[in-house]
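In the two complexes that follow, subunit A is the common piece, with subunit B as its partner first and subunit C second.
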Partner chain A sequence: MTRFLARRTAMLVATMLVASFAIYGALYVSPGSPLSALTGNRPLPPEAKAQLEARYHLNEPFLVRYWHWLVSALHGDLGESIPLHENVSTLIGQRVGVTAGLVLLTSVIIVIAGVGLGILGALGKGLVDNGVLLASTVSAALPSFAAAVVLQFVVAVKLGWLPALGTGHGFADSLRHLLLPALALAATSVALVTRVTRAAVREETGREHVQTAVSRGLPWPSVVRRHVLRNAAIPITTVVGITIASLIALSAVVETAFGLNGLGAYLVQAAQNKDVAVVQGISLVLVLAFVLTNMLVDIAYAVLDPRLTLGGRAA
Partner chain B sequence: MSALLEVSDLTVRLRLGDEQREVITGTAFQIAAGEAMGLVGESGSGKSMTAKAIARLLPLGARVSGRVTFDGADVLALHGAELRRHRARVAVVFQDPRAHINPVRRIDDFMTESLRLLDDVPRAEARRRAAAALEEVGIDDPAKRLRQFPHELSGGMLQRVMIATALLSEPRLLLADECTTALDVTTQAEVMAILDDLRRDRGLAMLFITHDLELAGAVCDRTTVMYAGQIVETRGSQRLHDDPLHPYSAALVQARPSVTATAPRLNAIPGRPVSAFEAPGGCRFAPRCPHAVDACRSHDQQLTALDGGWVRCSWAAELRGRLLASSPASSSGENANA
Partner chain C sequence: MSVLTLDIVTRRRRRSGLGVLGWTSLAVVAVAVLLAIVGPVLRPFDPNLADLSFANVGAYGSHVLGFDGQGRDLLSRLMAGARTTLTGAAFVALVAIVAGSLIAVVTAWFGGVVDAFAAAVLDVLFAFPGILLAVVAAAILGPGLLSAGLALAVAYIPYVTRVLRGAALKERAMTYVAALEVQGFSAWRLCLRHLLPNISALIIAQGTIMFGFAMVDLAAISFLGLGVQSPQADWGVMISDGKSGLLQGYPLESLSAAVCIVAVVSAVTFLGERLEARAKESRR
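Coming up: the complex of A and B.
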């Protein structure tokens, strides 16, 4: 297990290095000078230009600039937004809570609704199972932007139960504001997780070792808990993990639709403003969150399936 | 003394899609306490389904008629807690131990599960009993084995774990469904010896299912032969081997390549084995029987008593003694009983 963790951590570091290089490099080669956002495309006097370039290290070679950026990033400093004259880490810090809250709440909804419905469908018969199938088909057909519009219109505007826009203040109010966006973000994923869970539980139920447990006279609830669900947890965890990781990228759409002041929405906005440092910073944070989530999934997978750790999985 | 297990007129139909498939037709036999009976037949003859009907493990949608009595209880009518108690007293050892043991739980957990969950035995005590049971089936260093996962053990070792586990619940009947088929010859012999010892020491009744007539004869006093969902012959194992009454039994006797035979025998029964639902009317074995006449194909055959056993062939008395000799597969001339 220790060796597995060490290997996984080394992979994480390598992935982040490659990703940071790609992020920095992509924006470096993208057209337009970072200064143009500041000057509004007006030509600058040469000495002013030189002064600005020196201030933002724009005249140094690419690798040197990348190295500076990376080292400061490791110290928590993601540089300065040229148009806003503000520290990128501070800008990110103000918004990371909203995105984290949104992703977390969405994950909770996905796990409870997706896994719950999937188990219900797999173990239930006839009406229950068909109901679950119908619900998952409908929600699978609902991309998050469409779900956002529907939820805003029905729940917020028509029924007035929850706020349609904005972030809110304080824990309870923030939660109220996050609920609709989280539901919109969860819709498709709940369907996916429901289906995978249903299939996994069905498959495990038919396994020979489950029959052994039944043949030993164990009560069905124990058999389900100790053998069916325990084993189905392996594929379910994988899918839930990958789904949650993908939410990190999808959150931008929902944040924009619900006017949430989160990282995703801000990334879109910063890209439009050619605020290079902010785009780089947010991208780095999102990639880190994505990679970390995947690593957690891998560890959970290894913990759940003893055949893998001992066999030495070359992931 | 009445038998521990009594099966009478057992018919099983399985559902496959919209279709109902008969896989067992009117099976009947008895097993006394401490007795071992072999159940032999080719693939699809319904051996496993017979065992599953007894342990009430038939697939969903199965239709069962007839009667199964175990220790006085009407097995087919059991439900809920009583059904679970019945299952606990009838242990099943399956062919493929690797598939039948949960791969993500430790041996310890697998072995002690029903003790802890059903009998409320404390964990330490359950573990002690599990270790003792492992020793009984000849596994060294049981403490270490208990800590391991199934994938760390060999197939033969896992099958012993399976048997040891079956013993922990102190069953009265053991259903062994081809429990040695997946093992190599040496391990097979060891497992057979273990089963035989256990039966003698504990007075365990056993239904021993196999393809192999000689293997059944090695552990069982009595052997029943099944073909296409029907019993075709029940005899003492030795009598069945030396003097089979049904042409199918005779074909099985000759089908086994014997280690002691001087000349190599032909070992295939011509034609394909069928299941009950695809069997023809009249005698189900007729299409593959070298002795079949027109009457066999048009008349259902009944089980009749003969030579202390039962046989389902109207010509059995006439054919007796000639079956082994007359078969084209035979090269050993007259059989011992002639």
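Coming up: the complex of A and C.
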């Protein structure tokens, strides 16, 4: 297990190193000076330009700047947003809570609804199973932005049950504001998890060891819990992990749709304003979250099925 | 983007015939493609002609679906949007498929260092979700369909390559390839005339599935304001344009565009999964 963890961590560090270089490099070569946001494309007197360039380290060679950026990023400092005169880490800190809350709430919905419906569909017969299949087929085809406008119109505008826009204040109010965005974000993933769970549970129920357990006279609920679900847990964990990782980038869409003050929506704004430091900082944080989630899935995988630990899964 | 193709579900389906769902999907796709090609001839009004005094007015005379938030004919905009939306998705799918097949065949053919290097590069690329890559591309190249489309295509390459590389490897190991190699056929000729055609069914299936993903992701990026730019008609842009109307109780612009996207994407994905199941079955 230790060797597996060490290998997986080394892979993570390597990926992040290359990714950080790609993020920094790509925005470095982008046309237009970072100062133009500040000056509005007016020509600057040479002294002022030199002074600004020195202040933001724009006059140093690329690799030196990348190195500075990386080292301070490791210390939690992601540089300064030139148009906003604010530290990127502070800007991220103000917004990371909303995004984390959104992804967390969505994950809870996905796990409870997806796994629950999947088990229901696999063990239920006729009408129940068909209902689950129909619901998952419809919601699988609903992209987050489409789910967002439908929910906004039906639940917020027509029924007036939940707010349509905004972040809210305090815990209960924030939760109320996050509920619709989380549902919109969960729609596709719930369907995916439901379908995989249903297939996995159904496959396990038909296996010999389950029939043996039944013929030994064990009560059905405990057979399901101890023999079916434990074996079905591996594909379910994989699909849950993959879908949760994909939420991290998709949160930008839902945050924009619902006017949430989160990281993703802010990244989109920064991209429109060419606020390079903010785009670099948030991209780095999102990629890190994505890669970390994938690593956690791999670890969960190894815990659930010890046979896989030693060789390690093909990366 | 969700990458799991649900072959657990699809594999059990009967092989023969398209079934009701299949024919419906085919009809939806055919209508959408037809609209994209001949839409400009058919559409009743100029999709960009705005008259604010008609903003959000419902069905009225020959304006079957009524008007959008800026008083433009909604049906005409939906028809004009079909062309933008489908062309964008086709561009993404084509680039991803061509690049993916090329990488898959080359790495399968040479193996060794080439394969390991490509695998390492693709692994890093896996760490960038498509939407994130597109947002960063918009920051670099400026917002627009081209930068969004290129970014998405790049983000899809690892997924396409992973599937095709497996098939190409299997094909590479076949005795007929070794036989042709011994007879002195060049690698070029072997790859182009034998290897690629033999995995073409899988390539087409992957292309169809990627087309569905691309439609969703491109619409999401246009919805964010970083893809196709308003006032050009595009289904993703229309969902975003219609949002202020939606909050005031006029949902038709957003919802009609959303329905178009959902219908076409479901149809394309259904057909793609069927094609993939069939391609895999015949390879077994």
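Keep this in mind: the second predicted complex is superposed on the first by the 309 of 315 C-alpha atoms of A that agree within 3 Å, B and C clash if a C-alpha of one lies under 4 Å from a C-alpha of the other, contacts with A are read in each partner's own complex, and residues count from 1 in each chain.
Convention: a residue touches a chain if its C-beta (ideal position, glycine included) is under 8 Å from a C-beta of that chain, and two chains touch if they have at least 3 such contacts.
The shown structure was predicted, so the numbers you read here are calculated from the model rather than taken from an experiment.
After alignment on the shared subunit A, the placement of subunit B and subunit C results in a side-by-side fit free of clashes.
After overlaying the two complexes on the shared chain, residue contacts for A:304 are found with subunit B alone; subunit C is out of touch. In the superposed model, A:234 makes contact with subunit B only, not with subunit C.
By the document's definition of touching, of the two partners only subunit B reaches A:222; subunit C does not.
When the two complexes are overlaid on their common chain A, residue A:182 makes contact with neither subunit B nor subunit C. Vectors from the Cα centre of subunit A to those of subunit B and subunit C enclose 80° in the overlay, to the nearest 10. When both complexes are overlaid on chain A, the residue A:214 reaches subunit B alone and has no touch with subunit C. Touched residues of subunit A were counted for both subunit B and subunit C, and C has more of them. After the two structures are overlaid on chain A, the closest C-alpha atoms of subunit B and subunit C sit 12 Å apart. Note: no residue of subunit A belongs to the subunit B contact set and to the subunit C contact set alike, using the contact criterion stated above. Listed in rising order, the residues of subunit C touching subunit A in the complex are 1-4, 6, 8-9, 123-124, 127-132, 135-136, 138-141, 143, 216, 219-220, 223-226, 236, 239, 242-243, 246-247, 249, 251, 254-255, 258, 261-262, 265-266, 269. Those residues of subunit A lying in contact with subunit C across their complex are 15-16, 18-19, 22-23, 26-27, 29-31, 141-146, 149-150, 152-153, 157-158, 164-165, 188-189, 192, 195-196, 199-200, 239, 242-243, 246, 248-250, 252-253, 256-257, 267-268, 270-272, 274, 276, 279, 283, 286-287, 290-291, 315.
Residues of subunit A touching subunit B in their complex: 207-209, 211-219, 222, 226-227, 230-231, 234, 304-307, 310-311.
Residue ranges on subunit B touching subunit A, taken from their complex, read 55, 57, 83-92, 94, 96, 99-105, 113-114, 117-118, 149, 151-152, 169.
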